[in-house]
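In what comes next, chain A is part of two complexes: it sits with chain B in the first one and with chain C in the second one.
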Partner chain A sequence: MATALQTSTVDLAARFPNKAAADTRPGFTGFIVNKENLIEVATAVRDEFGYDLLTAVTAVDYIAENKMEVVYHAYKTTGGPGLTFKVQAERVDPIEVPSLINIWAGADFQEREAWDLYGIKFTGHPDLRRILMWEGYEGHPLRKDWKEPFFEEEVKPFKSRWPEGKHTFAEQKNPYRDNLNFPKDFDPENFVVEKEEDLYASLERHTTKDIEGNMKTDHIVVNMGPHHPSTHGVLRVAVTLDGETIIGLKPVMGYLHRNHDKIGERNTYLQNIPYTDRLDYFNSMSNNFGYVTTVEKLMKIPVAERAEYIRVIMAELSRVQNHLIFIGMLMNDLGTMYTPSLYAFEERELILDIFEAVSGARMMCNYYRFGGVVRDIPDDVLQKIKDLVLERIPAKTDEMERFLNENEILVARLKGIHVLNAEDAIKFSVTGPVLRASGVPYDIRRADPYSIYDRFDFDVAVRHNGDMMDNYLIRFDEIRQSLRILEQAIKQMPQGPINSQKPAYQVRVPAGEAYGRIESPKGELGFYLVSNGKPNPYRYHVRPASFVNLTAVETMCKGAKIADFVALLAMLDIVMGELDR
Partner chain B sequence: MDYEKLSLPNYNIPEDIQNAVAITTLDRLYNWGRRSSVWPLMFGLACCAIEMIAAQTARYDMARFGMEVMRPTPRQADMMLVSGTVTKKMLPAIIRLYNQMPEPKYVVAMGACASSGGPFKEGYNVVAGIDKFLPVDVYIPGCPPTPQALIAGMIKLQEKIDKESIKTVTWYNKEKVDGNYVPMPILGPDLIDVRRNAEIRDIAATKEGA
Partner chain C sequence: MYGKGLLKSLKVTWDRFWDTYTEDISWMLRGKKRYNTVEGVAHRSSKNTRGIFTVQYPEEQLIQPEESRFIPFLVFNEGADGKKEVLCTSCGICAKVCPPQCIWIVRSNDPVTGRPVPEPTEFYIDADICMNCGFCAEYCPFDAIKMDHDFAIASYGRNIYNMQKLLKPSSYYESIRPQNFKIEEEARKAKEAAKAAKAEAAASAPAA
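Up next is the complex of A and B:
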């Protein structure tokens, strides 16, 4: 069971005396590695101990101890619990920590994020630019001494919102009457805008050599997005093209950076649940699931038996509708505008009806609570779920497969294109269906079971070519497996209470840290929480699947055609709310 | 549009040609044409965009109101549906899109974030409402608004269009060319609204501390 605290069998402190020590702070696990020895220890973690998948890299600002800490979570793709190791640095600028990008290439974007939001310099990182905010932005926002322009108080609930006080607008407290903050003596008229030269310099760009018989051609840089109909939201990519062939590509994100981490640290634990809805806005149920699992890990509370089943039912329904939409959107990007996605949305509406019936909202369900769920499933809704799961969705999935799978154009557009092999997929910390389509049977529901997934009989969907076709087909496999789980869950669901706790506005969370992760439809959705015993999390970090999966995109599309890149973005199934947070 | 709505009363048209002839004002005809084919910009920002797509699909079907032709290019669009949180980083792109849209153009703020910043208002990268930069015609509350609410908002926009007159709309005003042009904000240490340059300089000069 994932709720029980698992002590990892690896003892880094014994293997590296004087270089690593166990983290002895109450509630904390893992090892603290010396900064100087980080590369050596990390190499051993990967090669000797076999933790080949570095899933989460994040930082915590311990301002009271004058320390900045970088936290790494590594897992084995063969399954089992993970290994947490940390490195601490003095909180004096410049804060420098060696980069692990040469050991796990998947650390790339996450280290850039830590640089952007915490100002930690990762020495040896080849392309350390800001990632979520723009170049030239003042300050590193997640530092504890950095205050946002609309800062009111350290933690919620704010006094100004309290019933006996009267409400004042945040605008009235800021001298600019807006969400703005400028350094002293800033003069906008003489401000020179920072050009994005670093971005373009990071792209490989050169003139093709004039070899005998070849026309001398120049490479061109094309910016796709942030407004582009097929970038699935507000993603931008800078592409270097040789004719139509991609020779270099850098994603630029942050256009939907909504500061989940900073707002999450001001919120109380309960207030964060509706914010998690808005991460991956297709799957609010899965997001809730990941967050409450993590907080329950910290609180060490059991979950009501019936609620466990309801949670699984909702999360799997969410996965079914996500994959249906995925198929519709992929078809959109391949050029069959609307028709397949209209079919997909028809089924999605029926699943959203169920969400609306149990939670009151179609998309932003806010349905899970610590210890259970907020409302029970009424009998008529359960009947609807049964009808959908047992009859309608299996039939509609078959129908979609019959219509699409052997379509000549679809096969020509997908087969053998954008191959990601298993080795690269693991190297780039790719998770979810994209990893499984490369032949790695890694599904957290099986590899490191959480909730009650160990009770169900299902297969981990896996395909072996790693191309777009497999990525497309694996979604159908996953829908089928989800339906299997749903069938069993509906059959086994007991009667009983739906929450093991009394409903409360504040929850008591003991001091400590927890990293909880679930298999969301897009990959590993992780939450890293640090509690100091107060009503608000000290650190609230979301490890999004889309964000990390995008690390592999440059490798995947080098040498491919720009038109196929549009399909690749659909295939990675990114969602900007989660990617940018 | 049916005969009764388009035609003005009090004009006696012989009964046998009533289905062939209508007497009306230019305003009514113009507004009818405009309100019946509002082409939205195919442009999604965040969660609300998904409900916008849902409103286009079979169950809700915005095509019933002449709004199904989503144009990915701003040059062919009539209406910008700001569907989601507007971030400071994204704002210059939105303003550029708006400036590229030909007139007449309308802006609809869909959802709490586009209207006021919503649940993310306190975020350091969030613009507290698109109306700080663009003239908004209709606000649709909700987080996200249901497709029904979106359609209700669209109908409100149609009602607004019905009340326009060619004589008063800004886009035929010869004295104020580019009356709807919004200057591009700049991404500096924070978002610089160039219309407020002097104010920003003055307040920054009086800032306490280093």
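Up next is the complex of A and C:
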């Protein structure tokens, strides 16, 4: 079995007897590390075994066993399979687990998320505030005993729908006829968000004196957003400024939070596919891809040959349009209002036409199924894909480069403005184009190939300066490589069935866990699933690229000018649907 | 030379600007209409599109592909003397598969026999909650529920669609999804033929 082989390369249990043990639950892999020895083992995982990239940190609530488990997935930036290790803690508050922030700084936001949603205290975390819910919120919503407003039943399908289904408005069940479930004595009129001071206290501040040392300058705190046109959605950023220079910065998120994970645990496996569309809503095809590959891993089913090619074609088309939009929107953020972005939108619209023709929707595609895809590509659509991939998009990409690359104003805004160096990028678990633009040739399609990416001939786009110009140019490189993959995929695509399974609305998923990841246009998109053999996932976790990449934003922006902040943020290519989940 | 890049940029915008006129004029010279015609819209979403790209909704509309999907509807066959033969058998699969659980079906029992009657007594779809995923149409074993093409359904109120609102004739289904309709009809006919052949074989077997 592939997963068993993967972990056998590193045996933590042999290296750390009595401190770590192999996870022997059926269907599970990796190692369970003693809580007391976590720091020691994790340091060895990074320094001795070379797993420098901690991609996913999440928790699982095993309420029946009265245990909380924190799951870590570490990878090597040189490629190859990953290492999974876990710690378990008794499920009695306060649940404490040592923080790994000093080993992998990328654990920062993910640990805060686990604290927020599971109530696990990461000791040693310097800024353990809530991250998706607001300060002052009570409870930890991903715990198995927490129930959301409008709660009906533990899992779907709800029994009330059939055969006695009388329609009731969900909102009528709520005393405020609103979307919220308030505590009994709650007065919405007089509610003030508590503990906002914590946020401001977490910002770095220091006083400076002028050269003679007699005039002190004060720092000011500026809140950008949540309603700010350049934050790409409802993201708020609290910044401390010294004049125009950023000296401290904290993103505040969660304005679009809907607890995607919890919804996913109530859903059946199939019902989750359209929900993943709503994560990164620019790339629903990639999201579907990540989710179905993970479930297929758990189910151990093959994918129909033709469907593999269709999947790759759709995912790469999605990457092309994502990067075009990235370029267009970056220009908007730099002040080139609308002309470049509308040029980009033209090509995107043509690609969305294809998505609509095959899947039925332009953005919420819901196209992938376990074992294949939902329907074949009609001949006329295949012709259109060929036309775009072979003729139009290469020409338009060239035009876009002619249009922008040498433009002096653009060059002045982008060149030499530092984003991230390789060391920091790895430390902060940054993945995707931003990591590659800082000189690390790490692309999951190559490093740990999934689907059929090992069959294609393409280069991993990489640039070495780590400045904004490289971050911008690498998108063009990636479009070109995607077009190469597309060309080969179209040529090699065989005839045949498009699904290896019979259509079934209830799938059987054996008990176990799986972490599946793909190279989404924005970075590593991972799904962590735990199945207990029932029709609904026991644990459904999304590891979104935007969210984890944002961990590095403070480091990226410190010392930069506030005017560049907007463009630096644009480099991360965040999408709030995915970031807030 | 400083400014060369700027000029290059301007050349691209100029070319694009120029294209809008040459494109319009070339259509005119060929005696064709680029705007407000299906041909014009189709050209604007093809690989050769140049010049003005915008489709002026609502005067013009993008060409909807057959698979395009919005809120589902229930299909009925027009029987003799205008009777609506509802295809749905209230099996409940669509209600079970629906991700946001926005389908409510009331199945009733025959007062005499106590057995469930196939046709649903009531059928609701909460159109405000429906996420247009298409699962109901995909997994319905009787081809009784299909996705619509009608997207202009914005309204101020809460939209609960009942049977009356949901039922649409199969001729409408055929008009929006001709290819799917054809495939399904053929499958149905083949199935019926197979059934008939089987029945015939069974009838003739003892005689032989």
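The working rule: the second predicted complex is superposed on the first by the 540 of 581 C-alpha atoms of A that agree within 3 Å, B and C clash if a C-alpha of one lies under 4 Å from a C-alpha of the other, contacts with A are read in each partner's own complex, and residues count from 1 in each chain.
Note that in this section a contact is a pair of C-beta atoms (placed from the backbone, for glycine too) under 8 Å apart; a residue touches a chain by one contact, two chains touch by 3 or more.
Please read all numbers here as calculations on a predicted model, not as lab measurements.
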>> Contact-wise, after the overlay, does A:407 reach chain B, chain C, both or neither (first, second, both, neither)?
In response: second
>> Quick check for you: in the superposed arrangement, does A:264 touch first (chain B), second (chain C), both or neither?
In response: neither
>> Going by the contact rule set out at the top, does A:141 touch chain B (first), chain C (second), both, or neither?
In response: first
> Taking the superposition as given, does A:392 touch the first partner, chain B, the second, chain C, both, or neither?
Replying inline: second
>> Quick check on the superposed pair: does A:106 touch chain B, chain C, both, or neither? Answer first, second, both or neither.
In response: neither
>> Is A:346 touching anything from chain B or chain C once the two structures are fitted on A? First, second, both or neither.
In response: both
>> Is A:526 touching anything from chain B or chain C once the two structures are fitted on A? First, second, both or neither.
In response: neither
> Thinking of the overlay built on chain A, is A:375 touched by chain B (first), by chain C (second), by both, or by neither?
Replying inline: second
>> Looking at A:275 after the superposition, I want to know if it touches chain B, chain C, both of them or none. Which is it: first, second, both, neither?
In response: both
> Looking at chain A, which of its residues have contacts with both chain B and chain C?
Replying inline: 152, 170, 274-275, 346, 349, 364
> Which residues of chain B touch chain A in the complex?
Replying inline: 42-47, 49-51, 53-54, 57-59, 72, 84-85, 87-90, 93, 97, 117, 119-128, 132, 143-144, 146, 186-194, 197, 199-201, 203-207, 209-210
> Can you name the residues of chain C that touch chain A in the complex?
Replying inline: 2-6, 8-9, 11-13, 16, 45-47, 49, 53, 62, 64-69, 90, 92-93, 95-99, 101, 103-107, 116, 122, 124, 126, 129, 131-135, 138-139, 147, 158, 160
>> Taking the touch rule as given, give the residues of chain A at its contact with chain B in the complex, in rising order.
In response: 132-134, 136-138, 141, 148-152, 170-171, 175-176, 178-189, 191, 193, 226-229, 233-234, 254-259, 262-263, 266, 274-275, 278, 281-282, 341-342, 345-346, 348-349, 362-364, 576-577
> In their shared complex, at which residues does chain A touch chain C?
Replying inline: 152, 156-158, 160-167, 169-170, 267-268, 270-275, 339, 343, 346, 349-350, 353, 356-361, 364, 366, 374-375, 381, 384, 387-388, 391-392, 399, 402-411, 503, 505
